[in-house]
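What follows is subunit A paired twice: with subunit B in the first complex and subunit C in the second.
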Partner chain A sequence: MRLYLQYLKILLKSALQYRVSFILLSIGQFFVPFSIFISMYFLFQRFEQIKGWTLYEVALCYAVIHIAFSLSECFFRGFDSFSSLIISGEFDRILVRPRSALIQILGSRFEFTRIGRLFQSFIVLVYAVYHLNLDWNYLKIITLTAMILSGVVIFAGIFILGATLTFWTIEGLEVINILTDGGREISQYPLNIYPNWVKNFFTFVIPFGTINYLPLLYVLDKTNKNNLYAFIPFIGMLFLIPCLLFWKLGIKHYKSTGS
Partner chain B sequence: MIQLANICKNYQIYQKKQGVLQAFQSLIHREYKIINALDDITFNINEGEIIGYIGPNGAGKSTTIKIMSGILVPDSGTCNILGFTPWKQRKEYVRHIGVVFGQRSQLWWDVPVLDSYYLLKDIYKVPLKQFKTNLDLLTTKLDLGDILNTPVRQLSLGQKMRCEIAAALLHDPKILFLDEPTIGLDAISKLKVRKFIKEINHEKKLTIILTTHDMNDIEALAKRIILIGKGKILLDGSLPELRQKFTAHKIITICYLTKKDCPIPYKIIAETENKVKLAIDVTKNSISEVINKLSNCYDICDISVDTRSIEEIIVDLYKEYQI
Partner chain C sequence: MITYLSLFKMRLTQGLQYRVAAFAGILTQFFWGFMYIMIYQAFYQSTNTIQPISLHQLITTVWLQQSLLALIMLWFRNNEIIKLITKGDIAYELCRPVDLYGIWFSRLAAQRLSSALLRFFPILLIAYFLPYPYNFSLPNNFVTFILFLITLVLGLFIVISLSMLIYISMFYTLSGVGSILIFGVIGEFLAGLTIPIPLMPKTLIIITYLLPFRYTSDLPFRIYAGNIAYKEAIISIFVQIFWIITLYIIGKLWLKKALNKVVIQGG
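And now, the complex of A and B:
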């Protein structure tokens, strides 16, 4: 953990070397998802609700997924750009250092400019919560936090999956963006508005449902007082386990082929 | 200290074909070819040795280095370095080695060199006191004082290489792998780097494995050479041995003012106006006899006797083994 903070420090220092570009990129990261939210806003102006969900409810959903996404992009970017480590041979360097490859890859890159996106999503969160007039209690706050954390974990898992695939393909795989960017776009709305196969895929294969539709029902008091829904985000975190196992397999493959 | 026995490694590579159609075909069906990267590699290295590990591109040098540094698992054979099997006990093992890849940096590009060093200290968990001592020593020896606070991207190639070498030594490794440490450096930087490597080897009893294409590096540093070609070890011996075996010839160059018409019984390599270059087989002719004969034929104004350069010897070696 200490080492991780040291990596964080040195890369923050690096990022600040290019101050103007850092600021402009952060502003860009603020406005890109903001435009998505604006279009969502106008959509609701026209239709008022989608399958019984109001703008503020969907905004909460949107905020959760975007906060999770920006955090994971900031801190797990090393896996997202892992193919460059393989191509440049930097991964060999990682292997000759006496620390786990995982922490070194995490530390290889941070995308601090995601602070723009984070800030934007946070504003939407506050906006949604302000208008929703919910009865807040501790469990709800825990659930909401867990939704975000679990979201970060799920995105991280997908990044790791994508990184592992590059052990075989070397080139980065745009395919994995279907799950990251696609997953993000889809799960900024509650999943029950989609056809069943989409809903099932993003609940049981890539478990975005566990941070989006299901716990949202609890937070919005739509579960008839069934508190079990509050704990669903924690199940989503289990997604990381198979991803890490697959990663181990990938490293083993790399060590036997060297490329 | 380092023992490799019967290490073999095969790669499976798929054959690329030309043409767009064939490229699509290869997406579905690939033809594989097996390459013997390493074939029964065996050698021992003692503490404090500097080994010149040489061979042409694709001979298996980097595969060997990768196996020795725990990055790659061989198909068969054993490797024992400092009591570890590198690829099995990777994390414990790599604490004791330093690796400099001449072409790639291990420093963080945008921050001062010193920041990178402090991060390395944390990565290798070097105690602060030991770190300070090492840093002081390396700073003096490699003359880093002025550049420690400069971001890496602003350093010249020579400065960068010195910083790289220091970075690999901060954690007191017992073995140092140097891959092309002088590539692209100017003459002065090269000399500085070589001098340092020699000193550190001597003072710290550091074992150094040097892979390079620069034969002057080898000549200046390595007492022992291991030559690898097509995955096999072709030669393992000291530099003088190698010399003796392959430098039966000396090169004599003479400048002359006038030339008498008499036959020269030696092989002429090159001849220009007033200048002639001869190859002399010293196992058959003594030098003084040669000079005697030559001075009978030429009115000599200048003469030089050279041993063939190590570079040329290596070229001959490559030719001899057809690698």
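And now, the complex of A and C:
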């Protein structure tokens, strides 16, 4: 953990060396999801509701997934360039060092410019909460926090999954973006607006449902006082376990490319 | 002209080599297409009022967008040109006895076309055989199709002239990543790619009609879907030509000014 923080510090310093580029990119990162949210807003102006959900309810959903995504992109994006580590043989060097390979890869890259995206999603969160008029209690706050944290964990799991696949394919797989970017876009809306097969896939295979409409039902008081829904985000975190096991299997399988 | 054409041909065959990347791209585009359709479907099912564009027309435009992404997206980057500017190889480029604007223009056109050629057909073919209402359908008649083709090609000219402006701006900023991102997002929005233009509020629609962005994708796709009448389509062709000429003149003048002051990045 201390090593990870050390990596974090060094890379933050190096990112801040190119200040103008850093600021411009952060602003850009602010605008990307902002345009999506504006579109959402206009769609609701025209249609008023989507399968019974109002704009503010969907905005809450949107904020949770985007905060989770920007955090995970900021801290776990090291896996993104993993295929280049394998191709260049750099991964061998990581393996001989007496530290966990996972931490070293995580520490190889941080995307600090995601602060723009994070900031934007946070504004949406405040906007949604302000307009929703919910009676908040501790459990709801815990649930909301758990939704975000669990989202970060799920995205991290997918990043690890994608990186592990490169042990076999060498070349990085763009298709994994369907799960990360696609999962993010899909979960901007409560999953039950989609046909069942989509909803089931993103609940039971990739558990975005556990941070999406299921706990949302509880936060928005739509469950008839069934508090069980409040704890569903914690189940989503379990997704990391198979991902890590797969990663272990991948390392065992690893043969250096030798270059 | 022959120089530009052969340059264009060379790049085109080069781009057609990347088949695996194209396959991954097709898969991704399919996913996005489906997602948009499912969201719009859910919205349309939640209302009884008639919308200015029917769901099936909207779905047709979504498939056209996904299959022709390479032709219409502003953020579609040409790393070669970016490198030329940031690494200083622009010096060689300037020694060549052809016009820089022309070379870059044909390069960008070829890159976009080769990428689109690999992708558009399989996507549209599969989309065509999907069950209703998800399917992509053929245009109502031949005239619609011809108008679609004309506006699409003219739209491509507009996209490239616009992206030329981004590259020229890089002579001043050197790092294109941030500006391409911001310009790309705003352009994409005004082109009706994040929310279909007919579904926008009235004032915003007027703004998009006054800017060049919507003439690149919204116009040809909605002509194809039958959402724009012939009369409006023909007027729009003249607007497209106006924008091509205007953007060409701006780009040419700006490039000349930038090259007068250009400092070659060493190395």
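Just so it is clear, the second predicted complex is superposed on the first by the 254 of 259 C-alpha atoms of A that agree within 3 Å, B and C clash if a C-alpha of one lies under 4 Å from a C-alpha of the other, contacts with A are read in each partner's own complex, and residues count from 1 in each chain.
By definition in this document, a contact is a pair of C-beta atoms (placed from the backbone, for glycine too) under 8 Å apart; a residue touches a chain by one contact, two chains touch by 3 or more.
Predicted, not measured: the structure shown is a model, and the values here were computed from it.
K.L.:
Should subunit B and subunit C be called a clash or a fit once both complexes are overlaid on subunit A?
P.N.:
With subunit A aligned, subunit B clears subunit C, so fit.
K.L.:
Which of the two partners, first being subunit B and second being subunit C, lies in contact with A:Ile38: first, second, both, or neither?
P.N.:
The answer is second: A:Ile38 touches subunit C but not subunit B.
K.L.:
Once the two complexes are aligned on chain A, which partner has more residues of subunit A within touching range, subunit B or subunit C?
P.N.:
Of subunit B and subunit C, more residues of subunit A lie in contact with C.
K.L.:
So in the superposed three-chain picture, is A:Lys225 touching just subunit B, just subunit C, both, or none of them (first/second/both/neither)?
P.N.:
A:Lys225 contacts neither subunit B nor subunit C.
K.L.:
Once both structures sit on chain A, report the angle subunit B, subunit A, subunit C from C-alpha centres, rounded to the nearest 10 degrees.
P.N.:
Once the two structures are overlaid, it is 90 degrees.
K.L.:
Between subunit B (first) and subunit C (second), which does A:Glu90 come into contact with in this model arrangement: first, second, both, or neither?
P.N.:
The answer is first: A:Glu90 touches subunit B but not subunit C.
K.L.:
With the two complexes superposed on chain A, say which partner A:Lys13 touches: subunit B (first), subunit C (second), both, or neither.
P.N.:
After superposition on chain A, A:Lys13 lies in contact with subunit B alone.
K.L.:
Scan A:Glu48 for contacts with subunit B and subunit C and give back first, second, both or neither.
P.N.:
second
K.L.:
Rounded to the nearest Å, state the minimum C-alpha distance from subunit B to subunit C in the superposed three-chain model.
P.N.:
Between subunit B and subunit C, the shortest C-alpha distance works out to 8 Å.
K.L.:
Go through subunit A and flag every residue that touches subunit B in one model and subunit C in the other.
P.N.:
On subunit A, the overlap between the subunit B and subunit C contacts is residues 18.
K.L.:
Quick one: which bits of subunit A touch subunit C in the complex? Just the residue numbers, please.
P.N.:
Where subunit A meets subunit C, its residues are 18, 20-21, 24-25, 27-29, 31-32, 35-36, 38-39, 42-43, 45-52, 173-175, 177-178, 182, 185-186, 189, 193-195, 198.
K.L.:
Across the complex, what residues on subunit C touch subunit A?
P.N.:
Contacts found on subunit C: 21, 24-25, 27-28, 31-32, 35, 38-39, 42-47, 51, 175, 177-179, 181-182, 185-186, 188-189, 194-195, 199-201, 204.
K.L.:
Any idea which subunit B residues touch subunit A in the complex?
P.N.:
Touch list, subunit B to subunit A: 11-12, 63, 66, 69-73, 87, 90-92, 94-95, 97, 99, 101, 104, 106, 108-111, 115-116, 118-119, 122-125, 151.
K.L.:
Tell me, which parts of subunit A touch subunit B in their complex?
P.N.:
2-3, 6-7, 10-11, 13-14, 17-18, 88-90, 92-93, 95-100, 104, 255-259
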